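The following pair of complexes shares a single chain, subunit A, combined with subunit B in the former and subunit C in the latter.
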Partner chain A sequence: MSERVIHTADLSRLENNINTLNDNIGVVSDQVNHVNAEVHEARATLENLIAEFQEFVRKDQLEKNVQLSETRLVKVRQELETNFGHYGDVRRRVTGILQAVDVSLVKKETIANSSEEQMLSAPRYWLAPCLIALSAWLNDNEELAEKAMREAIRRNDEKTSLFFALVTRRGARYKSSREWLDRYFGLQDPHNLEREIVILIDGFTNGIFGPDARAKTGKKISAWIDELSQKTGFVEEQHEQWKTALESRLPKLDDESYPFLRKYSPTWSGLQSSLEGAKLHKIIGEYFNDIFQKEVSPAKNIAFAVDALLDTLVSKFDEEELPLRSEERLLSLTIQENGDKSRAQQLFDNEKTTEKRVSFTQLLTNFAMHPDMSNASIATQKFSIALSKDWIKTAHDDITAENRAGIPLQVDLSINQWQGKTEDGSNEGELTGSLETYMVNRCDEALSKVKLDLKHWAALAGGVVFTFLGFGTTFLFVLAAFCFIYFYLGKKNLQTRKDSIIAEFDNLLSNSREILRACLAEVVDYRKEYKEEDENAVIVTEFLESISPEQYSFSSFDTARAVVK
Partner chain B sequence: MRRRPLLNTQTNSKVNVKVDSSVETRTMVEYTGLSLDKRLRQKRSHTYVEAMAKLDAGGVQCKHGEVAQLIQEIKNEFPDLQPYQFPIGIIAKCYLGNEYDVHTLDTKLDIIRHYKKGEGVPTELARGKSLALHPGYEFIEVYTDTLRAVNLRGDVSIIKG
Partner chain C sequence: MRPPKSYAEWINCFDSLKEGTNDEQTILVMEQGSIEWTRGVAERLTDALYETIKHRLNESADRMQKELDRSNGDEARIVKALLSARKRLALMNRVAQLDAFPENVRESMGSILKDYAKSTEQSMMDSAKTDRTGRLRMLIKNNAITQFDKVEHTYLDTANNDNASSSPQRGTGFRSSKRRVIIT
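Let's turn to the complex of A and B:
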């Protein structure tokens, strides 16, 4: 019974259905592949779009930062003017009085009266009682002078001592000047110096305080360095400090250089930072050279020179103004760096010129690298560099070695999804071969996916069937003709698609070949440029070895030779 | 009444008079941290630089005696350091022929090896490879945490990490 059932069962329909299902699965699989390729394409486009959008947002943010900083900078300056503007009057009056006395144009009473007014208008300010003391001294009123001086010392001992050291030196009272200087020195700790020590060192390097004081200050400075050097890790700290200072001069490579490597090499960031690091040698070399090439042009006479120092002392070094001055500096740096806040903050942190107290060696670094901010003259810059030359040399050697260790030996290339590597661009033949093979394989893969659809095969089969049947029913020939035409068109379209794929890949290959050639040419240029820039390292070393601090403690207001031990 | 014993009168304690040959007779100050950094920054002696520059003088096959001599040179250069403070290896440019790239002295394994171009150098020494290839340095001392590049004059540059 069961046998009979099996014999009579007709499975051909089932088989046909399974075949159809199989064909349908094939069609779906092709469609999935097609969709997959499209998704890949869409993702690439989207990633480009995201990158462009992020770049747009970044640029917009930077522009806004610049605008905000500019607005804020105006406000900070206004605030400085409002809060500390009246200090300006006192400041101007100090040099005014000194100069008026020089030429004896103003009556002593006038000086006394106007000084007292200043005392009232600038409470808490150390310079106001100094002004009274000065005018009392000019009027031979010893009691008032001493009283005012005590008040000034109470308000700010360091600044007052330095102020009177300068004023007495201006009046050629050498003995008093020395005593005030000694007092000032006695108040200093080389680990934590007051910022206005700049004035003293500037005066000393320019020969303001005379030969005795110069020798004395020179010895004191040597003693400070000796004392500081006793500390474990001091020298290492100096190297780090100088490394930071030198690295703050790192240049930025312009966006137009090496456009192909920038776009097609995943190693680009490493290449870029190495080249920027190598370009640093020339910048530092030129920077130091420029300083030492500059002539020190001393002021016409001691009075002018001291006035300039007094002016700096009274206008740049007041702690009350420090927070606003720091903010002013940070905002200026943000504008200078085109809105890049983190870079501005980093530069600001490196400068350390607006800190309340600094170590002596930090001060030397500031003099040498940020003269505008630390108010150092050319003579002071020369002296600082000469005094720190061993530390600078070691720091520079370390930077150079780090840069040399970091340069990528292999340059990776990624052109239209093809990957390759080159060291110096000499393996062009090998890379071109690899690129061609890759593109041919990709083309073959793409061609293998281009097939006739099931409907075309069905049309062919239909055409054959209708032709046979057409002998019975003539109009079926028409249908057969339609089917054959449909099949023919499908076949023709297939060839067109294949031709277009081949053309597309030919195009891609020739384009990629051009890009590869350009990349390799850039690798050759890059290696050449890097080598040239790297060789400049020796300029810095040789220059630093040629200078000595003794040469650069400068004398302009006396004829005695400087003896710095 | 018992008398108070005099100091150092007990004679039963044995005095060890045996001299351990492995212990150096001079006083060793152990450097650590910043003082070790400072010591390792010191200029290298001319003899040491010369000795290390001749790493490939013995040809591709290096005899054991030559390795021992180089290790001795390191000991002489750093007599005040403990052996574990010595460089773990030295890497330098190889001048044996065009096909050679760099050579290394592995101080732990007492081995000198010459590497051909494209041949992989062990990771811990490979850190110094690009620096070793630079003509500005004679050789690179590789330590666990730093590289110290030594030039012909014996000046030392430090690369951290």
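Let's turn to the complex of A and C:
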């Protein structure tokens, strides 16, 4: 009796428990799948967020750099104005006096008095005694003129010599001009030239000096180049110098171009630098072409031309201002490069336009590539490029050869852990096949891991055992039935998981196939664009071959012909 | 040449069309081609198609200008220039209407061709205003290049238009030679 009672009670409870257990297992399994999918999604979202955050921080930093540079630039300019602003008066007076004398509108006493005042207001400044000397000269006061000149020479011999070479040339005193020019040349070392040499070259290329001085300057320039060429490693140094100068024009590839290769090709950095290098040809070609297309508009007369040079000489080349001018340039470059400080510093280092002394060939490079900073006129730019054309050509050839050697022949692709290679994007069929095989294998591998647990097999075994034993004890048939049900439900759940995995891989395959096709399309366009850009290399070479330095020195203000000796 | 299926193969076809040396065969294989219109490929292929059509239209404009300049007012030569321009447009229309491209792309390329034909015809009409006899305007009207979509099976290789009748392989479907040119 008691056995029967226990028998009935146990059965119903066991049945309920097993049903509940199965339901729970099903629910838990669904939840695990759901959580798994959510974890994948969360991970992808998190990775995107991290990337976006890093990009945000980078952009924020760049914006801050720009803002700080702008603020600092204003301060530096104010500092320049505060510390050296009073020099401005002296500078303006120089051309003011020369022009007043031209039209005879100002009394000589006024000129003398005003010059003396400037001497008092600008101590240590080389131009102040020059101004006294100039006014004394105009007043025929030889003693004072010489005294002032000696003081000016003491303060800055080079600038004073160049200043008087120009002033005497303005007054058509050819002999004095030649002597001052000789004195200036005597002070020069082609390895260590001051930046103001650009005034001399500008005077030469714009035809300001007389025939004799022009011929002499031309010979001196050739002699400097010869002297520099004798130095060991000169040619290599020139190539490097020009390579750096040309590479400073390297463009940055637009962030929007080739988005798939950017994301899915481990070779992208190589592809990017190669394409940027190939785009350089067109940029250099257009840059040189623009310079040579520009008309050199000569000044109305020699006085205007010399006044312009004097303005530049007295206002742009004072060493005292150099540290602030360097800072001003670096800040301007930081703003130009949208806050990228390292790039700005690199460009600044390459420019070498604010160094106190540089070699003649470095000056030529600066005139050609950084005319604003080196204060070179169009005529000087043309002359410098023509004079350096062989070095430019070799440097450009080197850049071209390096770029061609560096372009990746094979483009690696890595899409959702699948790896593939293509040369020109034409092997779409082969790569699609490989991708499909890879994804099928991965799917099979994932499916093979989806197996019944030990408990399911135990339930099956239990079911079989209970069935046999059930012939002796009927109750065990019920247990056997529950065991088979449990096994069946496990098997069913297994199939659901397998279906879910297959669907997931189908989705992955279709997505990967789409990415692969997009990558291959980009490779096709990339190769085409590279080829087109690379073909521009010949434009630069042909252009450089067509120019010569003799074409770019003028004699617009001379009536006499230069005699070739 | 086999029908293009991948982006690279389509680009080869477009390059061949730009060269204009083997238009008929190129278009025939393109008509049998297909492409999966997926992101990353669709935009690039549309750009390439547009570039090709633009290139050919520019060429066509230059060619027509030269032919009209050389006509020296000869009506027969003017008509010939108009008809060749129309055939060239019809050829490009076949490219623009390829089944491989989706409807919206076909529509926009078709409208580019129509706009081009319309503006060209309008500018020719404006130029013809100086002709007081009105014959030039009538010629332009009777041989309207805007009717390019009415030209059936333009298998004429426009680059070799002058030698078309001597080329046996172009015989298939070449009906434009039967067309009556109205010169009044």
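One rule holds in what follows: the second predicted complex is superposed on the first by the 454 of 565 C-alpha atoms of A that agree within 3 Å, B and C clash if a C-alpha of one lies under 4 Å from a C-alpha of the other, contacts with A are read in each partner's own complex, and residues count from 1 in each chain.
The rule is simple: a residue touches a chain if its C-beta (ideal position, glycine included) is under 8 Å from a C-beta of that chain, and two chains touch if they have at least 3 such contacts.
Because the structure is predicted, anything quoted here is derived from the model rather than measured.
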- Sharing subunit A, do subunit B and subunit C clash or fit in the superposition? fit
- State whether A:L131 touches subunit B only (first), subunit C only (second), both chains, or neither. neither
- Query: Which holds for A:A537: it touches subunit B only (first), subunit C only (second), both, or neither?
  - Reply: first
- Task: Answer with first, second, both or neither: which of subunit B and subunit C does A:S426 touch in the superposed model?
- Result: second
- Message: Once chain A of both complexes is superposed, is A:L275 in touch with subunit B (first), subunit C (second), both, or neither?
- Response: neither
- Query: Taking the superposition as given, does A:R517 touch the first partner, subunit B, the second, subunit C, both, or neither?
  - Reply: second
- Of the two partner chains, subunit B (first) and subunit C (second), which one does A:A405 touch, if any: first, second, both, or neither? first
- First, second, both or neither for A:K528, with subunit B first and subunit C second: second
- Overlay on shared chain A, then closest C-alpha pair between subunit B and subunit C (Å): 19
- Using the touch definition up top, name the residues of subunit A that touch subunit B in the complex. 232-233, 235-236, 394, 397-398, 400-402, 404-407, 409, 537
- Message: Using the touch definition from the top, list the residues of subunit C that touch subunit A in their complex.
- Response: 5-9, 11, 36, 38-41, 44-45
- Given the complex, residues on subunit B that touch subunit A span 33-35, 37-38, 41, 127-131, 133-134, 136-137, 147, 149, 155, 157-159
- Query: Once bound in the complex, which stretches of subunit A touch subunit C?
  - Reply: 259-260, 424-426, 428-429, 514-515, 517-522, 524-525, 528
